[in-house]
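Below are two complexes that have chain A in common, paired first with chain B and then with chain C.
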Partner chain A sequence: MSEDIAFWLSYLTNGKHLTWYASFQFTIFAAIAGGTLAVLFGLGGAALKNSRFLPLRLIGSTYSSIVRGVPDVLFFLFFPLAFEQAVEWFIAAQVCTPEAIAAQSAAWPPCREANWFLGTPEYLILASVSLGLVYGAFATNVIHGAMCSVPRGQIEAARAYGMSARQVLWRIQIRQMWVYALPGLSNVWMLIVKATSLLSLLQIADIVLWADRLGAPNFLPTVGLVHEDWRWRYYLVLFLFYILVTLISEKVFNALMARMGRGILSEARA
Partner chain B sequence: MKKLILAAATVLALGTAAQAQETVRIATEGAYAPWNYVNEAGELAGYEIDLGNAICEKAGLTCEFVSNDWDSIIPNLLAGNYDLIMAGMSITEERKETIDFTQDYFPPDPSKFVAMAGSDIDPTNLEGKRVGVQGGTIQAAYAEENFGSTNTVVSFTTADQAMADLAAGNLDTIIADGPYLEPVVAASGGAIEFVGEDVMIGDGFGAGIRKDETELKAKFDEALAALKADGTVDKLIAQHFEGRGPFYAE
Partner chain C sequence: MDRLLTELAIFAPAALFNIYFAVASIPLGFVFAVFLALGKASSNPFLSRLSRAYIYAFRGSPLFIQFFMVYSLGLSFNVSVWKPMGISGFVLHPLFIGPLVLVLNTAAYTAEIFYGALRAVPRGEIEAARAYGMSRTQQFRRVVWPNLIRLAWPAYTNEVVFLFHATAIVYFALPVIGQQKDLMITAKELFERDYNAFLHFSVAALYFLAVSLVVFFIFGLVYQRLMRHMPAAPRMRFVPKWIR
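Here is the complex of A and B:
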């Protein structure tokens, strides 16, 4: 029995499993960075949507209505590739000599010097920005709605006190809108958390990829423990991880709600 | 502000591009034992990792192995994410249209069919069956061409996933490389067996490389030829593929 425990303990702490445990950092980073960016893009989008200047208003509504409809998987594949090529195109315009371009036989990049190498850190950042852009469109809608929910009387009173437009925006509208926005933003956050399971699409060795590799049947003693198809056991661990994240998120959002709602919560709930 | 961001991106990109030229990056899949896999310690291991390191040492290159999914391994080579592919890749005319190959480091080898023991499958006469392959392989193209019209060809991201589905009873047969299947069949204790006749596809296994990398290709080929001549390649094959070789002994 104790031998069994020792065996499983050493199996679950071998280098391959340790790499798997370490890969949770990619998922957590992408969720937090993506979530932060989504709120920033959401604030920007909502500010555009609220703008008195028609073209800006149009940009804001186009962003929130079009990007919300694009599947996250598609955007995840499209954005990093398009961004990489745009950067390479820009560098190529600066550094590629005509000879280098002529010598290059591959279709892309235009010359070797213009190649931008993408490793895990770069892909992780691009993935976070993709998440931020896609879910920022949802956040735009949530925040725009929340800003409109701040009672008109509050805004009129602020203006009557002689606050400038900027002061009204920051001190009254944005300060008070969180109470209305947080329930919607918690939904957006959960969507982002779920979308982090897509990281392996960008060659990031994330938790899903490792669960898949560790769970795949192994027939060769040289490779490691010989076992049959164990993928469901590893996927179960991922289930538990995501459920845990959900529970923690709920607690955090409740605390945030209490913090942001001080003094106004009773009115908002009424 | 815009200019600043672009300038920063340029510096970043140029910095990494300059680094990229110092080390030769070799891409592998990491899920195709005994060619390449991740060992218990979480490191890349296998025939191609040992051979790649030996070649780089011989050629005086600093090399680094990176893992990349099989289905995007050629596009990402072309995009410049790495300089070589050593991932149990067969040399074929079709692939030669987009990339070059070094000399082969494993000779042409027949592809084989496997099925669960006692399943009575005849690969020469398949109808209404589910045939498993790893997507983007020479066997996938072969299966599509020969069985596609009257059978369902199911593509998997890795060969191991195909094996899992065969064991789960979702597939009738799998066609794959012999050197991948042999240890699997041997280790299955009779549960999985070879069926039908082997088929010859592909011109051996080599390292894929971009067409404009003539200098690196020459270096790599030279070192590989030297390692074939001094018996290192055969030794590594014997070490990783039980009962195979020697192939390159004079």
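Here is the complex of A and C:
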């Protein structure tokens, strides 16, 4: 019995497993950075959508409707690749000589000097930005709706005090809308958490990739424990991990709602 | 322009795979979701707990993980179950596993929508039905269901579009067999060939947008049909405000 426990303990703390545990940091970083950026982009998008100037309003609503009309995976993959290419194109315009361009046989980049190598940290940041962009479109809608549900009387009072449109936006609408936006933002957060499972598509060795590697059948005793296909067990662990994260986020958001709802008419909380 | 047209032609067969996944999973998911929603609302504690847990689990975890989990489960039963039965080629085929997981996933989301609608069915109407002496089945068929589907339809439309978007990750989790590639895999392979991210991904996005619009249109027609007893909503007026 105790031998069994010792065996499993040593199996679960071997180097590969420790790397797997460490890779949770990528997921957590992407979720938190993506969530923060999504709120920021959402605020920006909602401010644009609320603007008094038609072209800005059009930009805001185009952003939110186009990005929401396209699968998140597509944009999630497209943005980092497109950004990398744009940077390489820019560098190429600066450093490439005609000879270097002529010498280049691959389709991209234009010359070898313009190549920008992306490692895990760069991809992680790009992935977070891309999560922020995608879910910022959802947050735009949520925040825009919340801004519209700020009682009109408050905005009129602010205008009557002589605040400019920008002051009304910053001092009244953005301060007062959180109670209305929170339920929607909690949904967006859940979407972001679930989307962090896609990090492996950008060559980040995240929890999904490691679960796949660890669970893959192993027939060589020299490589470690000989076992058959255990992938489903590892995926089951991830499945439970995500459910747990959802559960915790739900609790946190409920507590936040209760706290934010203080002193606000109960209709806002219903 | 010519390039764009050839590109559109290349992507057309790929779009069929996405449409197949969606079309194969929507009807089954719908039926499953109705049972799940009724289970969640049922007074039987066992049934209610079970449906609640199912809905929570499948709404609370990423579809990507669900794909991997179901597929690897299928693989681990391959030697002991599917091979002897001679159906391993069928059970492990992406065209089977894909819709299977999508059904499991969408049923949970749809069930939550239906459950919300079920709770919003006016109590007075149910009481009236009971006062008329209707049986439980009659109540459901004549009062609860018509109300439920009308209340749930707009949200269900959104869920269907999300399901269609979710078909984009099927082949990232499951093996691509031969030329059976969906929009995302096609876009990715073309990108890896000539590194033209803007063209290939935009065309794939265009297909997704187009199909989403078609779904919105068809489901809108169905909604109009469902709501035909109601007075028509006032027509939208086009009054542009260039500057406010």
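One rule holds for everything that comes next: the second predicted complex is superposed on the first by the 263 of 270 C-alpha atoms of A that agree within 3 Å, B and C clash if a C-alpha of one lies under 4 Å from a C-alpha of the other, contacts with A are read in each partner's own complex, and residues count from 1 in each chain.
Simple rule for what comes next: a contact is a pair of C-beta atoms (placed from the backbone, for glycine too) under 8 Å apart; a residue touches a chain by one contact, two chains touch by 3 or more.
The model shown is predicted, which means the values in this text are computed figures rather than measured ones.
Enquirer: Examine A:255 and indicate which partner it touches, taking first as chain B and second as chain C; both and neither are also allowed.
Expert: Neither partner.
Enquirer: Is A:87 touching the first partner chain B, the second partner chain C, both, or neither of them?
Expert: first
Enquirer: After the superposition on A, what does A:95 contact: first (chain B), second (chain C), both or neither?
Expert: A:95 sits against chain B, while chain C stays out of touch.
Enquirer: Go through the superposed model and pick first if A:12 touches only chain B, second if only chain C, both, or neither.
Expert: It touches nothing on chain B or chain C.
Enquirer: Quick check on the superposed pair: does A:118 touch chain B, chain C, both, or neither? Answer first, second, both or neither.
Expert: first
Enquirer: According to the stated criteria, A:229 is in contact with first (chain B), second (chain C), both, or neither; which is it?
Expert: Touch partners of A:229: chain B and chain C.
Enquirer: Taking the superposition as given, does A:203 touch the first partner, chain B, the second, chain C, both, or neither?
Expert: first
Enquirer: Given the touch rule stated above, what does A:246 touch, chain B (first), chain C (second), both, or neither?
Expert: Only chain C; A:246 stays clear of chain B.
Enquirer: According to the stated criteria, A:219 is in contact with first (chain B), second (chain C), both, or neither; which is it?
Expert: Only chain B is touched by A:219; chain C is not.
Enquirer: Residues of chain A that sit at the chain B interface in one complex and at the chain C interface in the other, please.
Expert: The overlap between the chain B and chain C interfaces on chain A comprises residues 107-108, 212, 228-229, 231.
Enquirer: In the complex of these two chains, what residues of chain A are touching chain B?
Expert: Listed in rising order, the residues of chain A that touch chain B are 14-19, 84, 87-88, 90-91, 94-95, 103-109, 112-119, 122, 200, 203, 205, 212-213, 216-226, 228-229, 231.
Enquirer: Any idea which chain B residues touch chain A in the complex?
Expert: These residues of chain B touch chain A: 6, 9-10, 13-14, 16-17, 19-20, 30-31, 33-34, 37-43, 66-69, 72, 76, 78-81, 158, 160-161, 163-164, 167-168, 183-184, 186-188, 210-212.
Enquirer: In the complex of these two chains, what residues of chain C are touching chain A?
Expert: So the residues of chain C in touch with chain A come to 56-57, 59-66, 68-69, 72-73, 75-76, 165-166, 168-169, 172, 184, 187-188, 191, 193-195, 197-198, 201, 204-205, 208-209, 212-213, 240-244.
Enquirer: If you look only at chain A, which of its residues touch chain C in the complex?
Expert: So the residues of chain A touching chain C come out as 52-54, 66, 69-75, 77-78, 81-82, 85, 107-108, 190, 194-198, 201, 208, 211-212, 215, 228-229, 231-232, 235-236, 238-239, 242-243, 246-247.
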